[in-house]
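Got a structure for you, questions after.
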Amino acid sequence: MDYTLKELMTICAAREIKNNDIVFCGTGISMLAAMAAKNINAPDSVIFFETGAIDSRLEDIPLAVADPRIMYHTSANGGLMEAFCTMQNPLSGTRIVGILGAAQIDLYGNLNSTVIGEYDAPDVRFSGSGGACDVASFVSRSIIFMKMEKRKFKKKLDYLTSPGFLDGPGGREKAGLPPGGPDKVITDMGVMGFDEHTRKMFLIGCFPGITPDQILDNMEFEIRTDRAVEIAVPTQTELTLLREKCDPHGLIL
Amino acid sequence: MDYTLKELMTICAAREIKNNDIVFCGTGISMLAAMAAKNINAPDSVIFFETGAIDSRLEDIPLAVADPRIMYHTSANGGLMEAFCTMQNPLSGTRIVGILGAAQIDLYGNLNSTVIGEYDAPDVRFSGSGGACDVASFVSRSIIFMKMEKRKFKKKLDYLTSPGFLDGPGGREKAGLPPGGPDKVITDMGVMGFDEHTRKMFLIGCFPGITPDQILDNMEFEIRTDRAVEIAVPTQTELTLLREKCDPHGLIL
Amino acid sequence: MKPEDNKVMRLQDAVEKYVTDGCHLSIGGFTLNRNPMAAVYEIIRQKIKDLHVYAHSNGQGVDELIGGGCVSRLEIAYGGTGKFMSTCIRFKKAVQEQTIIVEDYSNFQMTLRFLAGAMGIAFLPTRSSLGTDIINKWGFPKAFRKQHDRIPNQKLVVMDNPFDGWCDTKKVVLVPAITPDVTIIHVQMADFRGNCRIEGLTFADVEQAKAAKRLVITCEELLDDDYLKTDPDRNQIPFIHADAVVKVPFGAYPTACFKYYDYDATYMKAYARAAKNDDAYQQYLAAYIFDCPTHTHLLDKVGRRRVESILADRNRGYAKHLDRK
Amino acid sequence: MKPEDNKVMRLQDAVEKYVTDGCHLSIGGFTLNRNPMAAVYEIIRQKIKDLHVYAHSNGQGVDELIGGGCVSRLEIAYGGTGKFMSTCIRFKKAVQEQTIIVEDYSNFQMTLRFLAGAMGIAFLPTRSSLGTDIINKWGFPKAFRKQHDRIPNQKLVVMDNPFDGWCDTKKVVLVPAITPDVTIIHVQMADFRGNCRIEGLTFADVEQAKAAKRLVITCEELLDDDYLKTDPDRNQIPFIHADAVVKVPFGAYPTACFKYYDYDATYMKAYARAAKNDDAYQQYLAAYIFDCPTHTHLLDKVGRRRVESILADRNRGYAKHLDRK
């Protein structure tokens, strides 16, 4: 079957979303993954934006979380306060799955989306947290999109923008954060999870044609690969729904 | 001219309201005073309710601050949060004049609207603060309606619900409150103010036929009366507007 | 339809399921407006006991719950309904006779406490009440608080501003979050999922709704489709917070429901009269609550003429020509 | 008409009066939506310098203010506009070249900071960012903060929960209030007094508006009567907060304005292209800002066809068939 890497990644993420999950969406592929889940495997998941829209119809794919397309046919149009309170409130927050991206990730799933280099004199400046730190702080699990590159899978982040498991087991608790943390990392070579005891990243599976060693070669730190299996490729149904229902004009794909 | 004591008191309070004041209203005579001001001497004053309505048209007199009559033709219908934030915010709060009533008042204009007797085993229980403590804490000045009785003008309050000048000059500042405090006390025998240096209550004026001594006879504490003058009686215009425009069915008067 | 869509139920069932003896309850509305009265009457009818009630100024509903013998503890800012009861009568009596324990806050503080619950934060700060007995006198003493793990260890905390005079502020009062077991609100419109539209002032209903572990919604109009989603700017509570949706026309009666009906001044005056006398109050309870299996029966007892007299003028949202003398 | 009713003015005058060199400014909107772009362009045109800007994710407007050389200091959560600029380009360049100083917060924290300003409270608490570098690394060092009395003494404060584990919370982060000298927002409708109606999401505009010492409102439709008061449930900002009201059709262009027009993808892509190159950016500034005495001139330059292509489908609120490739 013919599919692009982006399609495969999107569908891998979509499969992680369960019916009745509330899905926090960022821009781009994360939004597409949420739309894919809703159209493919989790029709009763609820798409939710930090800008204050909940259960948007999304007839057309938005290009930002403030795109007017997300304001159409929602359950309620609020603002940032309502959205972040819904995340921080454990009654609703624990039902939310966040989808995030970042510039760097470490062994415990902490993310950097702020700077490369010194904070005061950065080599590269990125957008900054936006709502990412809030989502990562509050919600019970998150799915992270990353490109496999040594400079992205870092032993030590240049800046810790969004908390994963911080320094490992009990790290979030010690810092005062609610439970939660990263659940999956979807890369362009495979999918990682986090060990429930050590909180360390491990390889869940490789994409077709990719070996665990190739993945390790693109990381600065080591992860366990002994549990790795091959990831199931997208089905024809998945691909059709993704292409026709979610992004017919190829704005993200 | 014929007028009732209630009409006189209402008009005395109304005269304290200036054009462009934002007027916080409680129930009953305080609401009527605000309506009177708007209809008589301060047409551009803005009536404002703790329940979240601002600049209500008030075609008909409300019987509570949650009366549906206050929701009609307002600038914005919010909720308690919006209303109290408007009071606490010094940018808007300092433009608000509060109109309050209470069960007891002391020399410094502190109010009790909670209990008579011990707090844990009260002889008489009243409604409690509601928004009164908030208003008295935040706004720059307030007008207080009181009945002249020894058990109401108390040396020591049974419970300090709403802050006046607390223990005198600098009292609010010491406690951490914003500036502000009571401005006038409108009673059924005369009107009191507060000395700007001592923060103590003093007699501004008696109603026609009332002497300063009669007022002192109805108070547990002493106040200065040497500045007292006679209060101007309501004019025919004031009375007509009050009766015909504000409370034509005599629901409060 | 997904499982969590199945929220429509009968009032009896919703109260039975979510309002249990000893639970922590908050109700929406303010004094004589949009109190979830049908639910309040059903709670009394089911003889639920020992409730811990959180209220800002939820007048009529709170007074009837106390009068009905359902309440043990009350955290409140204001017990009154405006002109009809400047102090709620059964509330006053219960406090004076010490059959309930009360903790006093201001309206802003209670609102902040609900907001804190809704926000998922342990407390919120305000400058209100500094220097007053709201800070000094506690209805729930420390020892009592220690015994009850559903009650915070302190009524409130006065704290220095750590930002050193920022905003000309030296001190603030921190008030603890409330997370009721159940909040009941009455709204103008809800859909089968539990999306809510409130018309007119929202009071603190939205905060109370989002703070609660369970949310029971009674509504004038129940929509079985996505109509409310066609104008989401007017909706305040998304369905993800809702647990039960019950259609109860006149569900706020005898309190008002903006755009639908006014308060019933006649009922409220009769209530206040009855509330002053224990025997008369027992007769009131029997006639209007226990003898009425449902809210419809109560409305029938009141009679069509009275109910029609309070119907709102749709433009103004209240009954312009209602006799309120 | 009372004195404070006289709020309607020209954009040039409003900017000249309220946006001064070195002042603390916040603008409404979010990334590519409802940024007050006409006002932003006027600020650049008037060559206002040394602004201290507060933003959560106010993408396009903030990037253009920086690109226009108006900004010295920036407190921000997110510098991007979504797909068109995943990181704002002039912002990125300015930070990397250290021509502006930046302090980083999260979106929730910035929202809470505006809310604190609007509430008149010195700080608000959250659980967000515990354990992260948002807490550890400060863009404005302590000594710098000491020198500037308009900046709080601390970026944020981590504090133990004084309510002893209440809400399963051990620690919170306190973030300080923001009270900008001026906030500028663009709304769908405002009246001559300054009552505002925002359609669609409000972002943090209401908090930003109420936190500011001065509020400048630009609007698509300016009502010279009380029309907005006939449906006050839809209004978010009462006139008591407003200082200037300016009618500017397409005042958010090239960002979107729900129910009125979509973002202009063509403009935003061209902007991003120009922003990557200093020379091209100077040409952009000259052509679209300095050579256009008013926003109308900019719209004329873009041309009627492009403007018509983004007009919103009134049902959906955006331009359904817009080519966004």
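By written order: A, B, C and D. Residues from 1 in each chain.
Methods note: a contact is a pair of C-beta atoms (placed from the backbone, for glycine too) under 8 Å apart; a residue touches a chain by one contact, two chains touch by 3 or more.
Bear in mind that the values here come from a model prediction, so they are computed numbers and not experimental data.
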| item | value |
| --- | --- |
| Those chains which touch chain C and also touch chain B | D |
| Chain pair showing more contacts of the two, A-C and A-D | A-D |
| Inter-centroid spacing, chain D versus chain B (mean Cα positions, whole Å) | 40 |
| Rounded Å distance, chain A centre to chain B centre (Cα mean) | 56 |
| Rounded Å distance, chain A centre to chain D centre (Cα mean) | 27 |
| Numbers and ranges of chain B residues touching at least 2 other chains | 53, 71, 77, 87-88, 90, 138 |
| Contacts with 2+ other chains: residues of chain D | 120-121, 126-127, 169, 172, 179, 200, 233 |
| Topology of the chain contact graph, where touching chains are joined (line, ring, star, complete, other) | other |
| Every chain pair in contact, whichever chains are involved | A-C, A-D, B-C, B-D, C-D |
| Touching residues on chain C, where the partner in the complex is chain A | 2-5, 117-121, 179, 193, 195, 210-213, 226, 228-230, 232-233, 235-241 |
| Chain A to chain C touching residues, read off their complex | 19-20, 22, 43-44, 46, 53-55, 57, 71, 73-77, 85-93, 95, 138 |
| Interfacial residue positions of chain C with respect to chain B in the complex | 29-34, 56-57, 59, 76-84, 86-88, 91-92, 95-96, 98, 104-109, 111, 115, 126-134, 136-137, 139, 158, 168-172, 200-207, 256, 258, 262-263, 265, 312, 316-318, 320, 324-325 |
| Contacting residues of chain B [partner chain C, same complex] | 27-28, 50-53, 59-60, 62-72, 77-81, 84, 87-88, 90, 110, 114, 119-134, 137-138, 159-163, 166, 171-172, 174-178, 249-252 |
| Residues on chain D engaged by chain C in the complex (per definition of touch) | 120-127, 152-154, 157, 159, 161-164, 166-167, 169, 172, 174, 176-177, 179, 199-200, 233-234 |
